[in-house]
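Take a look at the structures below.
Look at the two complexes coming up: chain A is in both, with chain B in one and chain C in the other.
Then we have the complex of A and B:
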């Protein structure tokens, strides 16, 4: 059975699992912030001091709003994707659904990689749709407020696209870490440890430039330096290699594991 | 007849605990083999080892060739019901469809029709669009059987296929399995604690005890070896008499003052009867009470 066919089956399975509905949470913050800004609620708008959408004067573009929403909802996004990753591999190993696949498809590596690719595609799709959704919310609610400049894009396009790309690469790493933990751990410990690792990595500012070795620090750093401060391609390659290494370890460990469930 | 499955010197240990020490048996084409053993004797471990889900030593042959668990062609000719788990928030139809899509070398062009036929075969066609979460244990067992039959297997490996089924369900599954053997020449190896079903279905038995095969052979042979009699006598049976019968090689149990139950593996009862006569007992009645399978768990 080709890798593509296995990936297609995994994707179909993800679409039919109820837990995938958690991805709809990606769309909620934009609505809350959009309506909040339209109504001028102070909780949703900050003057640059943090805690809300940085919307000083008439400077907020559509893509700027979408990125701020992404930044504000990163805790939800990470929570959802780690839950999904834990349920995609660890839960199937724990409960035994993976047995039928292993007996039929035979290649454990193919199964793990197909699960990873299918889940990545689903999450990527949800993130891209949520970005479009944020742009729609911006057009409907935010663009008419005093904070918006009414433009879809502004002069920070490179940094903003970089932010999105590095966020996605960070998510890919998170997925790979959760898969690696999921090969040996049960669903809840796998989810909990993966989330703690991700959460702890957010507090590595004190590490200076070394912090950029952790993919979750890069999106903001890139945005702050307006996309010109670092060698983006080198870091992107580094983060991709993390995912590949974690995924390789996952497949190697699973190949040698006994399926007891 | 050709052996479809052959297990040679299979051993499996979890840490220092040896579950299977030396398992040897064969399954002929078109035959149904019952796998028996007490709880924890290693029946499920044996099945999982055969399927490559657990590492083990020893050899497993399928249709004369060493079973390669990485060969999709071979593995998809084996139907499996071993601790089957479902995606509970999906429907019965979805569960089968996902499995069908992940079955290599299968023509899925008519999969909707095939799935409905399978569900009809196991009596679940009316529950096709219901979530598995709401299924009873018996319904899940039937769905698991449908999964096992999905690819018209040549060999079925079934772990406790009758557990949780009502009498009607047991009859249905039994009939389906016999039909498969008769019409498709499929072979079946199944474990069960329901001895009546094992007795009715199996042509051969594999009994596992202490990691070894305690008995492997036909049910008829087993019945011949494990005859049991109730003997009613004219007077109370003394302890000395019981001891004498024990010395004759009988397993004997006093069930009332004048009745004993006696298990004796030899061809004739002559030595036993002679011993009773010699001790002054008159035999009023001998009743044959064959319970061959129960004796294996004594």
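Then we have the complex of A and C:
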């Protein structure tokens, strides 16, 4: 079976899995914030005091609103991604489901890469759709409020697009890490350790220049430096190479492992 | 087998499970904060503190991140739901005691485990303080600072207990889920419940349903200790109700 066909099979499998419904959570924050801003609900538009979410600036453009929603949803997005990745590889290895695929379809390395590509495509699709969804919510609810300027883009467009790209690259790395862990660990420990690794990366903000070696820190750094972050392409290449290295290790380890039926 | 012995057996089982070790990841928080202080790049704007202030401050930060709650809910799923799924719980019933007693023993053991984690965390944070922080400008060298004494030591310590109640309420809900759903679904529902509780803290009115939020109110002096005590009793009663319903349903349940 060709790699493309295996990826298609994996993609269809993912679409049919109930667990993929978790991706719908990506669409919830935009609705909550959009309606909250329209109605001027204090807990969405406050300055962060008294338990409010410090989330809303004035004169937001459409893409600015989408970025804020993405920033606010980071925790949920990461959690969902780690769960999906753990269940895509580790769970199938744990219950032996992957054995029938290896016998019927193709080599182990092809299956791991196909699973990774299929899951990445699904998540990328969900993220892009959620961005479009945020823009729709902006047009419907937010654009007429005092928080919006009614424009699609503003002067920060390059930095904002960079933010989105680096967030997606960070997600790709997260997926690869969870896959690598999933090859050897059962579903629960795989989720737990991947979650802990992600959590630890949140606390690397104080590490000076080294922090940029960790994909999680780049989106905000890029946004804060209005797109002028040094060597954006070099960092993008670095993060892609992380994913490739983790994926290569996953396939090598899986090739040498015994899989239960 | 009497109840005390069942609790002992369950506690030993829980401590021997490799998954229970993931709770040690919570130590990352004091490690990160201590390291950031040592490199003079504190993660938060910090004022010089005493050992107890530092330790309980770290505990409150942990509660805000949700790490403790997420990892603990994983341990809860692994303790009850996974055992039902694997059929392991049947052996426990045959060898040990009645089903009801087993459910009570499991929740007691989980509460005990949570308390042990809490005490270890505080001890570890105090260790970090005396090992490293005390030599920096962020450590006063006192065990309890003047500011905390003025605020009230009991109130300061009690506010941290609400994070534990938060995790206990989640455990009660997960116990209920375990009877109906398989481990995978239970695991997702547990994570969902934990996340929901974290998010609910930002919404008016419903935020009072979240124990950790009431803890932070107490911490900021926005609620009286009596009110906080009454609310914590309510949360504990809800958890007890969840466990009781689970125990009753578990008695009538078909086990494979």
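Basically, the second predicted complex is superposed on the first by the 246 of 261 C-alpha atoms of A that agree within 3 Å, B and C clash if a C-alpha of one lies under 4 Å from a C-alpha of the other, contacts with A are read in each partner's own complex, and residues count from 1 in each chain.
Here, contacts are C-beta pairs under 8 Å (C-beta built on N, C-alpha and C of every residue); 3 or more make two chains touch, one makes a residue touch a chain.
All figures in this text were calculated on a predicted structure; none of them were measured in a lab.
In the superposed pair of complexes, A:73 makes contact with neither chain B nor chain C.
Touch criterion met: A:259 reaches chain B, while chain C stays clear of it.
By the touch criterion defined above, A:97 lies against chain B but remains apart from chain C after alignment on the C-alpha atoms of chain A. Residue contacts after overlaying the shared chain place A:187 against chain C, while chain B stays out of touching range.
When both complexes are overlaid on chain A, the residue A:13 reaches chain B alone and has no touch with chain C.
Once the two complexes are laid over each other on the shared chain, residue contacts for A:167 go to neither chain B nor chain C. In the superposition on chain A, the residues of chain A contacted by chain B and by chain C overlap at 19. On the side of chain A, the complex with chain B involves touching residues 1, 5-6, 8-9, 12-13, 16-19, 95-97, 99-107, 258-261. Residues of chain A touching chain C in their complex: 19, 22, 42-43, 51-53, 75-76, 79, 83, 87, 91, 187-189, 191-193, 195-196, 199-200, 203, 205-208. Residues 48, 51-55, 69-72, 75-76, 78, 80, 82-87, 89-90, 94, 98-99, 101-105, 147 of chain B are the ones touching chain A in the complex.
Of all residues in chain C, only 18-19, 22, 25, 28-29, 32, 36, 39, 41-43, 65, 67, 70-71, 74, 77-78, 82, 184, 187-188, 191, 195, 198, 201-204, 207, 213, 216 touch chain A in the complex they form.
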